[in-house]
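See the structures that follow.
Both complexes below contain chain A, partnered by chain B and then by chain C.
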Partner chain A sequence: MDAVERANAERQKRWVKDQKIGEGTYAVVYRGREASTSKKVAIKKIKVGQFKDGLDMSAVREVKYLRELHHQNIIELMDVFSSKTNLNLVLEFLDSDLEIIIKDRTLVFLPADIKSWMAMTFHGLEFCHRNFILHRDLKPNNLLIAFNGQLKLADFGLARDFADPGYKMTCQVITRWYRPPELLFGCRYYGTGVDIWSVGCIFAELMLRTPYLPGESDMDQLKTVFRALGTPTEEDWPGHTKLPDYVPVGQFPRTPLRDLFTAASGDALSLLSRCLTYEPRRRVSAREALHHPYFTSLPYPTHPSKLPKPVSAQSRPLEEVDGNVQLSASGPGVKAAPPNRLKRKLSSPIDGLRPLARKLDFGQAL
Partner chain B sequence: MPVTYTGNEVDCCLGRIAKEDGQETAGDEEEGVVDGEVVMERRAGRDGDGMEGMSTRGLHGGGGQGQENKLVQINCDPRQHRSSRMTPAYEASTQFNNWRFSPERLVLVRDALNSAAVAAIKSAFDADEPGSSADVSFLDAQEEHLLVKLYITKIPQLCGHFRFPEEVEATAITYLKRFYLRNTVMDWHPKNVMLTALFLATKTTNNPISLESYTSNIPRTSTSDVLDLEFLVAQSLNFEFAVWHSHRALWGLWLDLQSLSDVTEDQRSRDVYETALKHVRDSRFTDAELIYVPSQIALVALSLASPFLAQKWLDSKSSGVGESCSETLQSVVVAINDLIVHTGHPPDVEAVREVDRRLKLCKNPEKVVGSNAYLVRKAEEERKAEAKRNKKAQDIRRAEEDDDPFGNALNEGQPRQQMELDDDDD
Partner chain C sequence: MSRPSNAGGWLKGTTVRKGGTAVTNSHSTRPNTPQVQSTSLTAFSGVKDTSGRTTEYFSMDDQCPVCKSDRYLNPKLRLLVSACYHKMCESCIDRLFTLGPAPCPICQKILRKLAFTPQTFEDLTVEKEVKVRRRIAKDFNKRREDFPDLRSYNDYLEEVEDITFNLINDLDVAETEARIERYRKENSTLIELNVRREEQYVQALKDQEEQDRLEREHRALEARKEEELEREEKEKDRREIIDRLETSTKDAVKVIAKSRAEANKRSSARTAATALAKSSAQLLRSRAAQSTTVPDVPHVPLQDDWYTYEDMYTLRDNYDDIYSEAVREDREGIMRAGGYRVQEAWDRAVRSAVTALFLPPLSGVSQSDITSGAPQSILTST
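So, the complex of A and B:
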């Protein structure tokens, strides 16, 4: 056996695969544990043999970036090993994601809770951007929640280094509802602002408990954005009419954010509008956002361990399903909106399999 | 892999320069995000490590520390969080932590690898036909290295043909070097490894092309030549794909020079940059990147092109740094200089041809498709896999037989372990 093979065999022995918990188009996810400590992990097995061009680009990206990024608010890639023609990623095991939490109608969010999730999101994102990495697929179900409440950015299958000025990037990134208008207009030169827009959408979604800008197609997405935030003028966003795929989609008046976000604080709306600014270069940076007064004003962010988290369906007594409201809490609580036309499509209908299968899906390859 | 590093002092020294400067520039960064020029600078810092990356270092130091503390309170372990903030980006990289060696260590690693390989191949020969290893002359570590070096020089040629960006070329070369710190040419001939490393580099640097069009443009190469080795190469690299390059660091230095008021435009002509870049490219034929950080190599390349500019740049960064630091830096400069000047060129083709001729006689028979030893090894692997498959099939059958398709009887006691019917084939 070669030295390389031997080293791999040793790594493989460190981890034990238990049951399968999800399956995506090209990866299977298992629950597993570290043999020596019984620490829980998720093992994502990527089938390599089936691709005619060898190692798949999303797998390459995910491994490349997670190998380098070590931060409390970014999912930890603990090990990589191969078994025959499969690539196995050993990831820290995370029970939940922000989408599940937003949709769990038994949970009540306090403004301090939202502040805590936002702070953790910006911490993780600032670390990516500081390392010159764009995430390019931020959305609630890529923000995973650990047992102790820590939020972690996951799914780096679309991530890339910033390009040099003058080098094109693809605009076919970021899930539609979280995609910024410059990408919808076909902009091929962009920067960290694209991730910030997504975070703005997530921020709004945390307050509304329903997706903020749910367009039904790429064209409808623009309309949805403009309906919510007003059609940008040349002054709001100089030069946007010259973008490659620019099309006029109609004139909508600007309505104040206050009209929709009735319960939000002034600081919260100020940060939200800095994230959802049309001109990408005027958008707040992750680092500036962390210094925004929103994060230092009262109420202070909730400690991660005290954040609302879903109680698993089996262990929750039936009569408590709707009785989870904390009346003593300060500030208005926000409950999830009832299911409506904006109901999300589940990529896997089976409830028991859902969380990990979905959150560990690499997303569409480019 | 244990790593010792002799240039450590210099590293710290450069790290310190970077941090100090970072605090000064922290303010600029905040205002300058919109400005294309600044964005360019920040980007250039990325691959370069410490020295010219300092505009990014602004993120670690500078103002806002107090506020940061307030934010940190929401995290469970503030210390852990702070430390991740304070580590300069380059020092957190896998390159810094896993792929740096002292020159002595490098020799040691290669010698150990070579003798282990020779021992293994000898026994493979003897297992095939007892005593047959006696009159085989195996390659030594230097000869292996010579052959690898020849294939390193092929990469720029291929990249020119495909018009790949510089990053692909530099990354592929790094992969090839790293591969042969874990493997021997007597197991894996560098020709196919080189082609695979280059193909992998196109993907890891986000410049993918289809395997079909890649191999069809290279004479006498099939898709399987590349595909068969891709996994092995990725594995040998420990799946650490990100590489920091000295040509990026050089670009960072160059941008810095543009902001120095006492350097005129004539003094920093494009020719100087091109010459420096040529020296960076020469350095890729050497072990420099396995020993020194990218910014050190870039600085030496610049000083070879224009000692004046290198000194100017150094002066602008090193105010307040002690004598000893500049002395240590000086010795590193001399060492890299020696490397580039003495070994930064393609090897003598005749010498390599001789090595390659001998390699044909001493390569590991287990890796030669069709040889006896290869067939024996394959048969053994197949037997093991077959046994495993049989066991698995049996387990599944047993589980199915045990389970009544209409459900088990009630009150059966403990629920039985549910059999996982997965497609796990390992």
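So, the complex of A and C:
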């Protein structure tokens, strides 16, 4: 046994795998714990054997970036080890995600809660951008919530570092509803603006409690965006008509955000409009956003420990790590952008609260 | 409270303390406590109560200080207040001011007929204070958010209070007016903005109320439906039992017991489902009542002290960089439209060059540690 193998065996011994809690297309997620401290973790076993070209790309990306990013608002990758032909990622165990919280109608959001979540999102994102990494798949169910209320960016399966000048990047990233117009127009050279747009959509979703720009197809997504924010003119967004997949999708008038977000404060709308600016370079950067008056004005952001969270999260063992299950399940799915992703996966615990899903549960139990 | 000196002694003589000390007063069978009556006077700027209506002060002991007629002589007596805060009855006002502006019979100030307003408060100093405060609040409408710190906000409130006090007590009126005018000029945009904010807030409140009302109605409807459903179900159960008793050959007691158990199971499942759908108003209340043991802390833009090596290099606006020449030229404008910044690539390149320059080399680790654990520690420390 050589040194590497010995080290790997030692690492493997540190972690104990418990029951399986979810399966995605390229990974199985287990609940686990650290052998010495019995601290809860999530272990993501990546199936290697079945891929001809070796390891799945998103696994490589996830390990590559999470290994380096250590921040309180980014999920922690605690260890990596191999077992037989599989690769195992040991991740921090997190209770729920923002999507569960948004969908849970029994929770009430105060403006200060939204501010707190936004601040934590921007903190995490600023850290990524500062380290020259684009996340490229920000959406509520990739923002996981720890037991103490801290929000953490997760799923770095689509992340990449900033491209060198002239190198193309793929435009088939980011879940459609959160995808910025430049990617919808097929742009291959982009920057941090893509993540900011997603955060803007999440911000709006937090206020509305329903997805802000739910397009049914890539084409419809553009239409949805323009219907909400007005068709951009050459002045709003110089050069957008030259983008590879540009197609005119009709003229829609610009309506003030105030019409939809009636209860939002002026500061909140100002930040939202800076996130959802058409020209990517004029979009607010994560660092600028953190200095925006929205965050410093009253009310103060809610302390993370007081943020609303699903009441029964602790009492449902099987669905607890759902964020991580989603994380494994959504990665490759998004990349391929299958035609019908309008309906979000129905596996989140909130659905367990609905009468229909309850009925199904009863059926299985009997 | 000190009365202004020009209020005149007549005021004390005619005002009655609320709650009425003169209950034994013989001239009335009606209660002697001051009453209020709704008024429908046009162009009335009196004080509105919570329901949005204005109420007028009215007492059994009212007497017009000008013509000395009182409620005993004239039951329809109505006293109005002048701009100089003197009361007189409607007939005196008609008599004195119909032919145009005339001096006030008490303080000689020139008054107009239209400037008389109904009385809302028993004490005219309160009436005056309310009017002054309302006027001041129209212009001095800054909020806490408009100030950088609590200190300056408090200073501002102090100033507003000074001005109000001066106006109420007629001290340095000319100078105070000038101060108000100056303030108004300096802050015109902010005043405008705050007026709009206030309007928005009122609108939001109204919307909220409307929503609450709808929700209440919705809940009532839901409850009614629920009841209906329950009644129907019970009826159905009853019929079912009878049916079963008719067709089944089993023991009657057992059949009934079985149906009952089934019905119970169904109804408990239903109550469990409804218990989950708690009203949001209730939740909001519980949210507000949540423990405040952990205080909310102000936002800190950047929480970690991140060393960017910025003291080791300065980024120039432009570099003679052959690799990015095409990108910088950007003939089709797609770099700009897509948001790609070549500066970010330069920043990264230069920073990577200096990063960890002075990191001490690893020491005291054995060869095997380096092969297994070390790569990780290098990455985390950079």
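Simple rule for what comes next: the second predicted complex is superposed on the first by the 313 of 366 C-alpha atoms of A that agree within 3 Å, B and C clash if a C-alpha of one lies under 4 Å from a C-alpha of the other, contacts with A are read in each partner's own complex, and residues count from 1 in each chain.
Simple rule for what comes next: contacts are C-beta pairs under 8 Å (C-beta built on N, C-alpha and C of every residue); 3 or more make two chains touch, one makes a residue touch a chain.
In this text, all values refer to a predicted model and were calculated from it rather than measured experimentally.
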Have a look at where A:K20 lands relative to chain B and chain C in the superposition and call it first, second, both or neither.
first
In the superposed arrangement, does A:G266 touch chain B (first), chain C (second), both or neither?
second
Based on the superposed arrangement, let me know which partner A:L110 touches: chain B (first), chain C (second), both, or neither?
second
According to the stated criteria, A:R160 is in contact with first (chain B), second (chain C), both, or neither; which is it?
first
Give one of first, second, both or neither to describe whether A:K152 is in contact with chain B, with chain C, with both, or with none.
neither
Tell me which partner A:S285 touches in the superposition: chain B (first), chain C (second), both or neither.
first
Report for A:K139: first if it touches chain B alone, second if chain C alone, otherwise both or neither.
neither
Contacts for A:T85 in the overlay, against chain B (first) and chain C (second): which applies, first, second, both or neither?
first
Based on the superposed arrangement, let me know which partner A:K309 touches: chain B (first), chain C (second), both, or neither?
neither
Overlap of the chain B and chain C footprints on chain A, listed as residue numbers:
3-4, 67-68, 70-72, 119, 123, 126-127, 130, 132, 162, 164-165, 191, 281, 287, 290-291, 295-296, 300-303, 305
In their shared complex, chain C is touched by residues of chain A numbered 3-4, 6-7, 67-68, 70-72, 105-108, 110, 112, 115, 119, 123, 126-127, 130, 132, 162-166, 182, 185, 187-194, 237-240, 242-244, 262-263, 266, 279-281, 283, 287, 290-291, 295-303, 305-306, 308, 353, 355, 358
Enumerate the contact residues on chain B facing chain A in the complex.
30, 33-34, 36, 39-40, 42-44, 46, 56, 59, 64, 67-68, 70-71, 73-77, 80-81, 84, 89, 92-94, 113, 116, 182-183, 187, 199-200, 203-204, 206, 208, 210-212, 223, 226-227, 230-232, 234-236, 238-242, 418, 420, 422-426
Considering the complex alone, what residue numbers of chain A touch chain B?
2-4, 8, 17, 19-20, 28, 30, 45, 48, 52-55, 57, 60-61, 63-65, 67-68, 70-72, 80, 82-87, 116, 119-120, 123, 126-127, 130-132, 148, 150, 160-162, 164-165, 191, 281-282, 285, 287-288, 290-291, 295-296, 300-305
Touching residues of chain C toward chain A in the complex: what are they?
144-145, 197, 203-204, 207-208, 273, 276-278, 280, 283-284, 287, 290, 294-299, 301-304, 306, 308, 321, 323-324, 326-328, 332-342, 344-345, 348, 368, 371-373, 376, 379-380
